[in-house]
Amino acid sequence: MLQTAFDTEPSLDAKEERDIYLSAFRFMLLARVLDDKLAALYRAGKIHGGVFLGRGQEALSTAVGISLREGDVFAPLIRDAAGRLAFGESVLDSVRTHMGSPHGPMRGRDGNVHRGRPREGLLPMISHLGAMISVVNGILLARRFQKKSGTVGAACIGEGATSTGAFHEALNQAAVEKLPLVLVIADNQYAYSTPKSRQFACDSLARKAPGYGVGVQTVDGTDLSECLKAAGAAISRARTGGGPQLIVANLLRLCGHGEHDVADYVDPKLMNSSLGRDCVKAAEEFLARRHWLDASQAAGLREDIVHEIEAAVAQAQREPAPDPFAEEWRAIASEHLCEGQPEHRRI
Amino acid sequence: MSLTYLEAIREAQARALRDDPRVFIYGQDVGAFGGAFKATKNLAVEFPGRVIDSPISEDAMVGMAVGAAIEGMRPIVEMQFADFSLVGFNQIVNQAATLYWRTNVPCPITVRLPFGGTSGSGPFHSQSIEAIYAHYPGLIVLTPATVEDAYSMLLEAVALDDPVIFCEHKFLYYHLKAEKLPDEALPVGKARIAREGRDLTIATYSAMVHEAIEAAKELSGDGWEIEVVDLRSVKPLDTDTIVASVARTGKLLCVGEAWPWGGVTAEIISRVTAEGFGLLDAPPQRLNAKETPVPYHPNLWAAHRPTARSVAAAARNLLRQ
Amino acid sequence: MLQTAFDTEPSLDAKEERDIYLSAFRFMLLARVLDDKLAALYRAGKIHGGVFLGRGQEALSTAVGISLREGDVFAPLIRDAAGRLAFGESVLDSVRTHMGSPHGPMRGRDGNVHRGRPREGLLPMISHLGAMISVVNGILLARRFQKKSGTVGAACIGEGATSTGAFHEALNQAAVEKLPLVLVIADNQYAYSTPKSRQFACDSLARKAPGYGVGVQTVDGTDLSECLKAAGAAISRARTGGGPQLIVANLLRLCGHGEHDVADYVDPKLMNSSLGRDCVKAAEEFLARRHWLDASQAAGLREDIVHEIEAAVAQAQREPAPDPFAEEWRAIASEHLCEGQPEHRRI
Amino acid sequence: MSLTYLEAIREAQARALRDDPRVFIYGQDVGAFGGAFKATKNLAVEFPGRVIDSPISEDAMVGMAVGAAIEGMRPIVEMQFADFSLVGFNQIVNQAATLYWRTNVPCPITVRLPFGGTSGSGPFHSQSIEAIYAHYPGLIVLTPATVEDAYSMLLEAVALDDPVIFCEHKFLYYHLKAEKLPDEALPVGKARIAREGRDLTIATYSAMVHEAIEAAKELSGDGWEIEVVDLRSVKPLDTDTIVASVARTGKLLCVGEAWPWGGVTAEIISRVTAEGFGLLDAPPQRLNAKETPVPYHPNLWAAHRPTARSVAAAARNLLRQ
C-alpha cells in the first residue's frame, strides 16, 4: 500500500511517479526472490505440502496490492506473493506459513498460500476456487452498514476459476449490490495443465463484463505501467461509486502449476510470444531506460532483498514446530459449547 | 394472544434486529415480501435497509455472510428451503466452519434452514439434513421443537460467536402454538426432559418430539411410562442428559426424521453405548426415515417418516425385551 | 413436436404455416385450460403440495416444445406446461403427477412439475434451479459419443435462476464442448417476489451471450410468431453445428409464483405494459385476423380441450393412491446391495 | 512387476475403457496431462476422445455425467481432490442419487474422490467425507484399502447400475504396492477379515486398515490377538461380518480417519449394538480424527488422525475392561 497512488492523484509529478515505480519494482523483485527461495526450500524438502509461485504475474499482482489503501480489503490467490507484499503482508508471514510455524498467522494449522489476517483486510484463501469473492462482498456490505465509505475490496483469480459457479454468483452479487469490488482475472493461459480453450469459449474474458453490468479493462499483464494504470483506475472507479470493476490481464504462468509440476504441456509458441515476457525483467529495463534504477542500484536492491528473505527464513527455521499437546483442538469460538473428543470423555 | 412457532421465529428476528445493530437478514424474498414462509414479515419495513433480498445464489449468500461477520456484523441468512442450502454447502462447511480455527477470527453467522417434511412437498422440499452439517467441525446445529425454543434458541444463535445452522421445522411452523414468548430458557447445549418416565427413554428432536410424546401417551394407556428427551441441539449433543435418563430407564430408543445412515440417532447410540453401556438392559434402537428420498404423496410420506404410531410400535418392541 | 417446423423448412407454404400456428395455439390453450383446472383442484384441496402455473408463458414454452423433434431432449421448468404438451407429454402424465397417482411417471414419489420420462428425452426437473442444464449437456455429449448426430437439447429457465452457479457452469460447459444446447430464459420480471433489479445488473440477459461465446436472440415472449421464429432458428442453428444458443424472452408471469401466492407485489405498471399482454389471447386474435380460426372454431377447440382434461382428471381421480406397503422403499437399482431399513433387521 | 494403489486405479480405468465402449472419463486435467495424481496417465492417448478435460465446474461435471448415464453411458468423474466435490455436492445427492428412485432409470456414474489426509496438505486437500455421502439414500460409497481392492472395486463401481462414490486414499497412492492385479475379488458389499484375532475386533476402512494392522502387530507382542475387519464398502455396510467378528471377540473398536460426529464409526456402533448387543462384553468404542479441520503441519496432522499408536492405546484401554 502506498500513500500516493494512481487512483488518488490524477496527475503525478515526475518524482512521485518514479517513487511508485520504484516501490512497485521492489515488491515485484521481493516476491520473485521470495518465490525462488521457497522453491529452493521445497526442493530441499524443507516445506511440506505444495509450493505455488507467482512467477510472471508480479506486475499485475503488485499493481493491485500497491494501489489499495489502508482499510481496503484484499483477497489474493495462489499467485499473489507480490500483491500480498505490496498490500503490506510481511515476508515473515509467508515464510512462517510455509514452514508451519506456530508464530505465523495460521499457527501451523493451515499452510503455504492459505494465509492472511482477516481483521487487517487480508483474507486467507480457502482452496475452493471462486469462494473468496463473495466474502469480500460481505466485508464491503458490512462497511456500507457501518457507514464506512471509501473502501475498496480487490479479489484476484485465474482464468480457470471463472468456470466456477462461485465466481459467477459472487460477481453478480457485487453488481446487484453495486459494491466497490475490483475483480482481477490473471488470464495466464492455463489452469494447471488445462489450456483456456477447454475452459471457456469467448475470445476474451473481458466479454463477460457487460453481462454482469460491470466495468472492465484489458491489460498486458507483463507490463507494469499498464497494470498500475488499470489497477489504479479500477480501484478509483470502485471507490467513487462506480460499482464493481473487472480487470482482465493477459500473461503467462512462468512456472509449473506448483513446484512439483514441470509444466511440459505449455505451448512453446506461447513462451516465445509477448505473453511469455518476464515482467520483472521488463520492469527493470523500463526503470533503467527512465534512469530511475541503474544496474548497480538494481544489484544493491536485490542484495537487500536476499538478506531480508534469508533473515526471515532463518528466523522461521529457528522457531519450534507446533506442539500437538499444546493445541486446543477446538473448532468453535464458544468454549462453553465445546464437547471435546468423544473418545476422551469418561467411559 | 397466542403465537405459532413461525411467529416466534419472526419475533426473535425482530428482537435481534432491534437489540443489536450488527444484525441483518439476507435471503431470497425476505424483504418486502417477508419470506416464502413469512418468517420475516414486516421486518423490512420495521428495519429499513437491514432485511435484504438476495439473488438466487446460495453459495454467494453464505460467502457474503461470512465476510460481513468478519467485519463484525451478525448476519442471519435465510435459505428458502433447507434443501437449497446444499448449493451453498461448500461455503458453510469450508468457509464459515473453518474460519475461527484457522484465523482466530470468529464467524457469527446464523443460517436458517426451514427443514423437514410436510405432506405433498416431495424429495426436494422436505429434507432433514442436520447430520451432514453436524459432521463438520466448526458448526453449531440447533433443532428447536417448541415455540419457546424456536424463539430463545434463535436469539442465542445470533448471539453466539460461531456459525449456527438453525433447523426450523416446517411442519411445526403453523401447527405449534404457545401462549407467550419465554422470559428465560435453557441454554443451547442442554437437552430437556419433555416428558418424564421410568420404563424407556426416547431421545429425539424437532418435530419428532411431538410424535414421541404422542406415542408416550398412547403407551401410558398400557401402563408404560416413557421418558422423552428433547435434544434441542444436535451439535453440541447433551450426552449427559441422555445417559442420565437411560440410567433411570435402562432402555433407549432414538428417533429421527432424517435418514438413518450416520444420523443423529447413530451418534446418540454411539455415545450412550460408549459412556453408559452398563446402564442399558436392552439393545438401544433407532427409528428413522426410510432409506429413500422423501416421497410426495401423503400416503407414502406418512409411511416414510416415523410417526407416533411407528414410534409406539418400536417402543413396545423394546419394552418387551 | 411437429414434423414440419420453422427450423427445418426455410420457406413454408401458407397451409403449413397455418398448421403450425393452429397446432401451437392448441397446445397453448391446452396448457392454459389445464393450468386453470389444476388451480381449481388446488383451491378445492384436491392437490397436495404446490401448484405452479405457466400463465403468460405459453407462447414461448410452446414454441420451444413444438420446434423440437422426436429424439431431441427437453428440460422444462415449472412454467412449461405448454412446452411439455407440445413436446409430447400427455395431459394424463401431468394430472397423475399432480394427484400423486401410482400410474403416473413418478408413481406418487415425486409430484406436480417434478415429472418427466428421461428415456423419452423429457427430463424430470429437480427443484434446485439451474441443475438440469448440465444434465442436458450430458445427454448431448453421450449422443456425440454414440455418433447420433442432429439432435438438440433445450432447457428452460427463469431470469432469477441465471443467478445460480449451476446455470453459469452448465452454459459455459456447453459452450466449451460446442454442444447443441438451446437455453431459453423466460425473463418474466420476477423470481417469486424478487424483481429482476435485485437479480442482475445488466440491462438485458442477452448481454451475457458474448461472455459465453454463444448465439443469442431476444424476443417478445408474448408474441407467438416471434417465439416460433426464434425457437425455430435457435434449434436449427444448434442442430447444424452452431453451438449453444440462448433465447431471452421478455414477458410477465400472469399468476402468482405458485397458486398459494396472490402476487400483490407485481408492479401494476408492468401489468399494463406490453409485457403484461396475455399471449394466449394475442395468439387467438392473430389467428382470427389471419382467418385461420374464427370465434366458433375457437369455442369448439376450447370445448374439446376441456373434455380432454376433464377425462384425464376423472381417470386420475379414479386411480388408487400409492400403497406404502407395496412400495419397495429402495433407492438403488442394485437390488443385491440393498440393506433394507436397519430397524427392520434382526435384533 | 509391482503396482501401486494408484497404478491399480489407472489400470482399472484402462480396462474399463477397453472392455466397455460406454465408459468415458471426465475431470480437470485428466486428458493429456493424465490427472493431478496421474491416475489417468496415457489414457487420453490410448483412448482418444474418451478422456476429457473439464472446466473447473464440479457442479456441471456431475450433471454432465448424470445426463450421459441417462443416455446409457458409464461416466467416471474424477474430482481433483475429494474436498472439491463439495461444490458439486448438490448434483451428487439430489440429481444422481434420486434419479433411479424417482424415474426407474438407473444412474451408473462413478465419482472418484482422491481423499484422506497426507502430511502437509491442510484443511482443504485432506478431507474424509464418506459419511456425508453415505447419509444420502441412492449412493454406494466405496473405500478400498488395498491395491487389489482399488482395482477390483473400481471395476465393479463402473459396472454397477448406481452412482458410486469411490473414495481412494491419497496416502495409499504411492505407499501401497502389490505384486499383481487380482483375478478375483470379494464383491462390493462384503467386508474382509484383514487379520484374524480373538480378543478384540477393530472395524475400520481405507488407510486406517493399515494403522489397525500395525497396532494389532504391536499388541500381539503382549499376547493380544486383534481381529481387523476391513469394511471395503461403507455403504452398503457389511454388518454381518462385523457382528460375526464381535461374536468371536466380544469387544469392538471402530476406527475412522473422518470426524467423529455421525461418521462410519457411529454407524457401525449403532448397528452392532442393535443387532449384536448381547455379544459385547465391553462398551464399543470409536477412534476418529479430532474435531477440527485437518491441520497442515505434519506434527499436528499426525496427532489429528488416528495412528497405529493411538489405535493400540485405544485397544489396550478396551482390552483392560
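By written order: A, B, C and D. Residues from 1 in each chain.
Rule of thumb we're sticking to: contacts are C-beta pairs under 8 Å (C-beta built on N, C-alpha and C of every residue); 3 or more make two chains touch, one makes a residue touch a chain.
No experiment lies behind these values; they were computed from the predicted model shown.
**Q** Using the contact definition stated above, find the chains touching both chain A and chain D.
**A** B, C
**Q** What chain is the most remote from chain D, judged by the mean position of CA atoms in each chain?
**A** Result for the farthest chain: C.
**Q** Could you put a whole-Å number on the gap between the CA centroids of chain C and chain D?
**A** 40
**Q** Can you give the whole-Å distance between the Cα centres of chain B and chain C?
**A** Centre-to-centre distance between chain B and chain C: 36 Å.
**Q** Averaging over Cα atoms per chain, report the distance between chain B and chain D in Å.
**A** Their C-alpha centroids are separated by 30 Å.
**Q** Hunt down the residues of chain A that sit against at least two other chains at once, touch-wise.
**A** Within chain A, residues 106, 109-110, 114, 126, 128, 163-166, 169, 172-173, 176, 198-200, 330-331, 339, 342-343, 347 contact more than one other chain.
**Q** Quick check: what residues of chain B touch more than one other chain, meaning two or more?
**A** 54-55, 57, 59, 83, 86-87, 90, 94, 97-98, 101-102, 123-124, 137-138, 270, 274-275, 283, 285-286, 291-293
**Q** What's the contact topology between the chains, one of line, ring, star, complete, other?
**A** complete
**Q** Hey, which residues of chain D end up touching chain C in the complex?
**A** 24, 49-50, 54-55, 57, 59-73, 75, 90-91, 94-95, 97-103, 105-107, 137-140, 160-162, 188-189, 236-237, 239, 270-271, 274-275
**Q** Chain A touches which residues of chain C in the complex?
**A** 163-169, 172-173, 175-176, 178, 197-203, 205, 207-214, 243
**Q** Using the touch definition from the top, list the residues of chain A that touch chain B in their complex.
**A** Chain A residues touching chain B: 105-106, 109-110, 114, 116-119, 123-124, 126, 128, 131-143, 145-146, 165-166, 169-170, 172-173, 176, 330-334, 336-339, 342-343, 345-347.
**Q** Give every residue of chain A touching chain D within the complex, in rising order.
**A** Interface residues on chain A, with respect to chain D: 47-50, 100, 106, 108-112, 114, 126-129, 160-161, 163-166, 191-194, 198-200, 265, 321-325, 327, 329-331, 339-343, 347.
**Q** Quick check on the complex: what are the chain D residues that touch chain A?
**A** 28-29, 31-33, 36, 53-57, 59, 81, 83-84, 86-87, 119-125, 260, 283, 285-288, 290-293, 295-300, 302-304, 314, 317, 321
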